[in-house]
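In order of appearance the chains are A, B, C and D, and numbering begins at 1 in each one.
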């Protein structure tokens, strides 16, 4: 099994999970209000859609930088990949929960569920990388040591950031979700962390 | 990150978003009428399906012409790509809203929502291209200047056309939707705009 | 735009449409019966799933034989491809209608809707091929004339078979659906029609 | 039709089916309980999600080892592939049934339905392989005989394991589902069965 097929399969799951996010917009309930009001009223669903889309999109971007350093693959790496994709593919569900409950009394539980889900995703990313990078186990012979070290250094603060954003939900559910969006944007633009292409 | 992987990921999101359009046909409500009547009665859903399918299909066709001119990619380009795909992947939702509300008193709001969504998609396309083309920032060295100029010239009227079709909804919601279909067909057949393959 | 990217995009839509078929199994209604009874009671849904899956699967198989003869592509061919994919991606909906209504008094309308949908798909296939093959417009220089002629000869009876199976619904809705399954199996095994690989 | 396109199409169906599993989380019913309680209360859905995800993930991993031994393809092999994918793509439905009914009186029927579905998938895998391997019908000239024999030897116990895990549902529905998870993990880690990469 070469790295290209793993990358193609992962890309497939990323693309599908990201596109399934739109299903959080299930029924448009107009009850006693006009459609225009109903569409505006569900603004938390748009926020949740954007934050989750950016987060998975950035993971996809960085996934390539990670895979470019990997020279060979073993079955344990494949198994961690499946677990990682399991969390990525799960994302539409917590996104929907947030969209549905962020304005109810259950908003804290919704934001915590969202945060825990994405923190587990970040943890599985870290596991994937540390398994590959420990003692250069699966690192390509021609990988740039600076990029490898840069990725290794960036995963710890990344996971802590996700965990911290999750804990913010105890103070404010909406702040927690917005923070996830900010983190995604930061990772997207901060090219020094994951190296330059 | 090379242009081929961006193209493959984009193609994936395009293919999934376009295929998810069928989910606008959720429940077939037969209430007091026969199934035949119910299937005929929901003709706006078919129109919405066809218009959205053609629109995304044409975007996919033109996406290739655009990407063929791009020689290299940076993180800002990737981020704009993610935003662009975010609008493309959103399409099934406004399509469903139009299918559901085009014959109610809320038809104008439905058509406006649809039009705004696709105009945002067009704007993100324009942003993607102008970022790449400004000062030939990301244009391939061997790109044909005529094709590059042709694309640059076509994006402005394209966005205006979409915005105009959206505004038509204030006069007639159905005319607005039909207009989006006409624009898609025009872009499909008008090969001189995007150059010949 | 080369034939490979068209093939990859088409494969994507085929794979997604075929996998979305499972969504015809929405809610499992157990009402007054046991789950075991409910699962057995919905046998028409399994039949519809199998027939549609085989039909799209066979179309995918034959699609490759068709594309292998195509040497170049123009915008009209791309537009017909989009229309063709529009019908393929629509398949989960008539499949669900059949699964839901085949045992009600509306069975004839359901089977007709199913048959018309797949006949339109077959017609768009024929349009795709005849456009490419007429005067060898898009046929590859090194294509085998025997294979090209074989495909040309097989599309007419193919479309007639689909139209005929649709008309059978006036006599018996279930016979019509079963007939679509038989046609799919016939096309799968009858390698002489589409030539040998 | 070369093996690469079959592999790509299969990978597509695998990736989509695995990602559609998240749709088993449809509505989050909070009835009289808090969201936190509702999310915890649906733990069987998480278990079902994980077991099905791992099972399809492992099938994807092993699929590659199988395809790497295949040198050429005929139409019968393609037809068995379509049937195999039909069972793989079906997986989200029994997963949902298990998630929904594992704590009702219908738990045994749910687990049996799940088990039968995955046993059929395993049987279609075995059919695919034995058709290709019998008398080296489709085996590549340069395939490693040890790997080929290893796969041949592993399919029989694999199918028996799945059938056995299904029968366990008569004693305990939950034990049956857990057993499927254990089998998936075993196949993931036991590299000696499917050979080393």
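Convention: contacts are C-beta pairs under 8 Å (C-beta built on N, C-alpha and C of every residue); 3 or more make two chains touch, one makes a residue touch a chain.
Note that the structure is predicted; figures quoted are calculated from it, not measured.
A.B. asks: Chains shared as neighbours by chain A and chain D?
C.D. replies: none
A.B. asks: Call it same or different for chain C and chain D: same when shared residue numbers make up over half of all numbers used at their interface.
C.D. replies: Answer different: the two copies use largely distinct residue numbers here.
A.B. asks: Between chain B and chain D, tell me the centre distance in angstrom, where each centre is the average of that chain's C-alpha atoms.
C.D. replies: Roughly 36 Å separates the two chain centres.
A.B. asks: Per the centroid of Cα atoms for each chain, what is the distance between chain A and chain B, given in Å?
C.D. replies: The answer is 26 Å.
A.B. asks: Going by the touch rule set out above, which residues of chain B reach two or more other chains?
C.D. replies: 8, 12, 16, 20, 23, in rising order.
A.B. asks: If each chain is a node and each touching pair an edge, is that a line, ring, star, complete or other?
C.D. replies: Graph shape here is a ring: one loop, exactly two partners per chain.
A.B. asks: Along chain B, where are the residues that touch chain C in the complex?
C.D. replies: Residue positions touching the partner: 7-8, 11-12, 14-16, 18-23, 25, 28, 30, 34-36, 39, 49-50, 53-54, 57-58, 60-61, 64-65, 188-189, 191, 197.
A.B. asks: So in the complex, the part of chain B that touches chain A is made up of which residues?
C.D. replies: Interface residues on chain B, with respect to chain A: 1, 5, 8-9, 12-13, 16-17, 20, 23, 73-76, 78-79, 82, 85-86, 89-93, 96-97, 100-101, 104, 106, 109-110, 112-113.
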